[in-house]
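Structures for review follow.
What follows is a pair of complexes built around chain A, which joins chain B in one and chain C in the other.
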Partner chain A sequence: MNDKQLNKVRKGDFLLLPHYMKWAAIYPVLCGVVLFFFKEHQQFLNEEVATGMAGHLILLGFLLIIISRDKFPDERLLILRHKAMAYAFIHGMILVIVTPFLTFLLGSLFRSGTQLDFTDYGMLSIFLFQIMYLINYWRFKQEL
Partner chain B sequence: MEKSFKQKFCDFDKRGLVFPLIATRYKYIGLAISAISVIGLLSFKLLEIASLDLWSGVFKSFILSGLIITMLSKEKLEDERIKNLRFRAFAFAFLLAVVMIVFMPFAALLIDSVIGRFPLVWEQDQSVFYIISTMIFFQMMYFNIFKRQL
Partner chain C sequence: MKNTIHVHRAIHKMTQADLSEAIGVSRQTINSIEKSRYVPSTILALKIARTFKVTVEELFELEDSDDR
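Our next item is the complex of A and B:
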């Protein structure tokens, strides 16, 4: 790896896709939604695999939106992108950890005598992280 | 003049309260919480306590909370450069963890179908503990790597 490539990796610019991939992201999301609603009407995959795959296709679409470059990328937007990811990381993390904990505490206060459970978000947490990132990045760009 | 909600939120953010960093001493407190929770989880498993699923969920939450406290504690010398490195490490961790978690089940499914392990099953839905601990691991690793490169 030469110095130029190493510098690119250090800046965090190496994972980003071209801008048009933002539009290509519509296809996995559409495929995911169609597969989710029509999983009973196909014979290729069983229902469990179809549900899991549909969810992951939607996540893949959002991931493509996240990692595709802006129309006019520059150093300032890259810093904003990193900042938005950091904010999404923290806020998403607090959300997915604190909410089940609060549910558990409130459940133990108000539902005495019945079986308590500790449910978490599972793969939905990744979706929450992605949404948090998109909101934060949009917010930072508005503030520019 | 009365400030709008958006302006109030921006002021709040500029004061660094949306992304709060806590004092350096909390690094050790966070580590202690995580270590005690790990010991609690292991002892509950060894003693085979009833409703282990419930308690393992609670202990795992405490482990993650401790690690988050450690991750959010300030460095001894916190400046703008360290802050940018922190953001970059968060960004790397976020992206790599999401890429890994999204692509792993597809890769597993592909391998299953290539080697002919039918019927195909979707076994790769990960728990929050796995997802968050992966992200925290990546963040801590990259932050330390970037600090060494300074």
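Our next item is the complex of A and C:
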């Protein structure tokens, strides 16, 4: 690693996008939500593809929000960002581990189909991670 | 860790916003440091000390709880 790369890593915000990208992130989220709720009313994509695309657009939007700089970025916010990331990882993992068991348990209780479908857990786990990160980051900014 | 930043700010008649502008951080960061919720990096501590023309030890002091 040369001095320039080392300096970038030490500064810690080299992966972050400019602040205005937070606002640009509204568009993919909005498109994703609209596509998800109106997938039956469009003729261009079949329903499965539309659902998948809507999910990915929403994930992309949240990712843009997460990796955009704050208005006044400094070392405190960078540390809070890292803490929120660590907390979100643990919370997200717990939710991902617990969710299939809860689905199975509730399914068994109400006898409404105990078959587990793991196809969407990848997308769901990333979404949970993103939401947990945003909640933790907001909470840390208020409290610390 | 205790600190006397608010005292030095008062001596120099500086607001939190003035100090934050002088050292290039947000006003919320200065507020967090003053309330001991956030411990600044060495670089930031040195910058604050340089602004007030004092040593870092005059600004920050370890507490008993920090020894644990």
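FYI, the second predicted complex is superposed on the first by the 116 of 144 C-alpha atoms of A that agree within 3 Å, B and C clash if a C-alpha of one lies under 4 Å from a C-alpha of the other, contacts with A are read in each partner's own complex, and residues count from 1 in each chain.
The rule is short, and it goes like this: contacts are C-beta pairs under 8 Å (C-beta built on N, C-alpha and C of every residue); 3 or more make two chains touch, one makes a residue touch a chain.
Everything numeric here is computed off the predicted structure, so don't read it as measured data.
Taking chain B and chain C in turn and counting the residues of chain A each one touches, the greater count comes from B. In the superposition on chain A, contact of A:40 is made with neither chain B nor chain C. Of the two partner chains placed by superposition, only chain C is touched by A:144; chain B is not.
Contacts of A:93 after superposition on the shared chain: chain B is touched, whereas chain C is not. In the superposition on chain A, A:52 makes contact with chain B only, while chain C stays out of contact range. Of the two partner chains placed by the overlay, only chain C lies in contact with A:75; chain B stays clear of it. 79, 143 are the residues of chain A that lie in the contact sets of both chain B and chain C, per the superposition on chain A. The touching residues of chain C, when paired with chain A in their complex, are 24-26, 28-29, 32, 37-38, 40-41, 43-44. Of all residues in chain A, those touching chain C in their complex are 72, 74-77, 79, 141, 143-144.
Chain contact summary for the complex, chain A toward chain B: residues 10, 12, 15, 45-46, 48-49, 51-53, 56, 59-60, 63, 66-67, 79, 81-83, 85-90, 93-94, 96-97, 100-101, 104, 116-118, 120-123, 125-126, 129-130, 133, 143.
Contact residues of chain B toward chain A in the complex are 10, 18-19, 51, 53-54, 57-58, 61, 64-65, 68, 72, 84, 86-88, 90-95, 98-99, 101-103, 105-106, 109, 119-122, 124-129, 131-132, 135, 139, 146, 149.
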